[in-house]
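Structure in structure tokens, see below.
Each chain carries a letter (A, B, C and D) given by its place in the written order, and its residues are counted from 1.
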Amino acid sequence: MAVPRVEFPLILVNLKTYKEATGELAVRLSKTAEEVSTRTGVCVAVAPQVVDLRMVAGTAQIPVFAQHIDPVGYGKHTGHVLPEAAAGAGCSGTLINHSERRLKLEDIGATVMRAKEAGLLQVVCVDTVEMARAVAPLGPDAIAIEPPELIGTGTPVSKARPEVVSGAVDAVHRIDPEIEVLCGAGITNGEDAAAALRLGARGVLVASGVVKAGDPHRALLELAEAVRL
Amino acid sequence: MAVPRVEFPLILVNLKTYKEATGELAVRLSKTAEEVSTRTGVCVAVAPQVVDLRMVAGTAQIPVFAQHIDPVGYGKHTGHVLPEAAAGAGCSGTLINHSERRLKLEDIGATVMRAKEAGLLQVVCVDTVEMARAVAPLGPDAIAIEPPELIGTGTPVSKARPEVVSGAVDAVHRIDPEIEVLCGAGITNGEDAAAALRLGARGVLVASGVVKAGDPHRALLELAEAVRL
Amino acid sequence: MAVPRVEFPLILVNLKTYKEATGELAVRLSKTAEEVSTRTGVCVAVAPQVVDLRMVAGTAQIPVFAQHIDPVGYGKHTGHVLPEAAAGAGCSGTLINHSERRLKLEDIGATVMRAKEAGLLQVVCVDTVEMARAVAPLGPDAIAIEPPELIGTGTPVSKARPEVVSGAVDAVHRIDPEIEVLCGAGITNGEDAAAALRLGARGVLVASGVVKAGDPHRALLELAEAVRL
Amino acid sequence: MAVPRVEFPLILVNLKTYKEATGELAVRLSKTAEEVSTRTGVCVAVAPQVVDLRMVAGTAQIPVFAQHIDPVGYGKHTGHVLPEAAAGAGCSGTLINHSERRLKLEDIGATVMRAKEAGLLQVVCVDTVEMARAVAPLGPDAIAIEPPELIGTGTPVSKARPEVVSGAVDAVHRIDPEIEVLCGAGITNGEDAAAALRLGARGVLVASGVVKAGDPHRALLELAEAVRL
């Protein structure tokens, strides 16, 4: 099964367990993302709940991410997300170590490895430059930096703490220049996203700024036009 | 969305992350379960991986269980299984606290409550009579007793340690006679299942005994005929 | 080594990691507790940090509790609190499952059992009547009920939610009349403690109300005189 | 309180919860370590259980390590090891993320920082070169590499997998040349220890090889003479 390819710059929308983005509403939002992606040529991806992965991936022609996978293989595991099962459902990538789902260090390493084996692009989330430096040696495809105190605030990290973004980009690239850095936390409009890209980020990780927007299409369009420039 | 109703005696097949029961193979096995259920009149349910829940529930006319749900609600939660999302995907029930996914006591209590709110039948797994006694006051619909040292061994608890089954049934019913007790661990054939029911269990929780069977249809049929008697 | 015996009614002071109750200050506070105990005849116990256990137990002639122990035995365990080591240091009992250190259900069961083997009196903490009912079958010596929303507030559970205390006492005693119930959360003065005992509690679990009091001796004395009546 | 200084090369003996190294036996073993240290001039340190920390530190004139500390501060924390309390009890350093006590990545970072603030030397344990590379950016004083499959086997990593030791040393020093690398797992005699140092390690982390030795003094002496060369 050929899944849509993730391209950078990337707008990655975490649907969390928001009511506005569960079940059929996840599909609707993903179709909106597809329209914006088609119109602007910018890669827009969504990370729905695991239960909605296959339905979303089967409907929208955009990359779909898992919000979390477990470092397990086929076999005797109950209540875990098998990387191969996520990939088989049409998933292109996965978040790892989101601030709402922190992992043990050894599990981050094992999950990155299992995701590679299953063909899932890995976006490891961290909250500080120091943590970005710690996960870079694990060789993930991308690292998203999100100071947790700004998540959901509407105050963008690219403005409030620009040195965190540029510092993370710099630190990560010293270790491995092929890792892309995304910028999250508090990003709601085009100006925030453009600022993030000027600081070296290759995309943004957003959630409520799009999902809870009065007009998600418009919010996404503004972000996409900003990162396209 | 009307989901199939769970009836007792119940044969509940945990598909774990077995390769033979992932993706399309989960659907195929669930169709087999449906055939056996139709033929025997015995309720046969399956617990596929969360990523396969909707596809399985949309194909087989049998109750589908989640292997795990999280005690969260709509909102800012990443990488969790929202009970309402599982229910919305066609799920009838959920396992809770499986030996491969043990929970904190307070989370077991909160998950039972959230499952009730979402309309999911709850099967809480425990490994000893003492633990059965501990979870009974939380008021789940069912408790599955599985001595972990027998899981996957082919040595059935109903034979190796019958006092665990009858003891759990007795202990649970003293606290709440409406809670059904299931029997797991090592059950592979009709004789094991019949023995479990004679000890007071109202069904069985099986996994490899069916999923890894050379002929799953035959294995399930034998179990169903045994619990029907 | 003969350790002081725990008697009921009991005033149990959790020293947490409060600066006012770490190291030598833990010893000083424990000597204060000893004075109050001697003067009033009421059993007053303290739960210092593990690192301070032996020093406190070696100085004050009152029962000393661990704040947490692990369900491990002698052997290959690093960074755990061995029940036998706590007992060997002069400990009389232990808190289990405090709201700041919640455990998996199976670990609560295993810890109660290991504590019994090591000769430590067990006080399992819970936050609701339902959870009290869940841990009672595990047979601990005592259960402390602490609605977490009241901890550290100065609003005593015995006044704000008296039905939680009497409900817990009733629920626990239906299962096992030998288990003592303690009452925690928000208790700061004698009136609160007396109210708790009138509701059926056999003592109180306090922390900041004593440790952070301007005059801990006076605060403890008031509590002791109230529970003595 | 002046605590003994940690010097490299270092022999660090993890006492775990071994019966032979609990309570008074921890003191006895630490006195043995002191004798060997005095005789050879090599720094020998011990990591007893937290409950024994103060007693050991107050008796033996060698550096004492905690087996684990928590990333908490003074305040409302129950059942945690406060770094300042460990330091106040005479501790010189601490293990972090031992294979029997793995931590979340963010907690490793926070614990390293808290240990620095409390004046404790930090030895972070990892199991692979990749993980060594991940924790090096967190700036701990030392990293101990222990392939878990060799722990307690008597097959030394320095012989079975020398490339793991030299690889870790190289990887760590590229990131931060001031971090010392220790070598653990399976080391029982002087030859193993000498091999580890030839591969670039600056000491060894041992446990059963010393604690369970028929003659711990002799075992330690052999190790100390080997690393002194």
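Assume contacts are C-beta pairs under 8 Å (C-beta built on N, C-alpha and C of every residue); 3 or more make two chains touch, one makes a residue touch a chain.
From a predicted model like this one, the values you see are computed outputs, not experimental measurements.
Separation of chain B from chain D in touch steps, taking the shortest path, is 2.
For the pair chain B and chain C, the fraction of shared interface numbers is greater than half, so the two copies use mostly the same residues to meet.
In this assembly, the C-alpha centroid of chain B lies 38 Å from the C-alpha centroid of chain C.
Annotation: 45 Å between the Cα-based centres of chain A and chain C. The distance from the centre of chain A to the centre of chain B, each centre being the mean of the chain's C-alpha atoms, comes to 34 Å. Shown for chain C are the residues that touch two or more other chains, of which there are none. Those residues of chain C lying in contact with chain D across their complex are 14, 16-19, 22-23, 47, 49-55, 66-68, 72-82, 84-86, 88-89, 95, 98-101, 152, 207-208. On chain A, the positions that touch chain D within their shared complex are 97, 102-106, 108-109, 127-128, 130-131, 133-138, 171.
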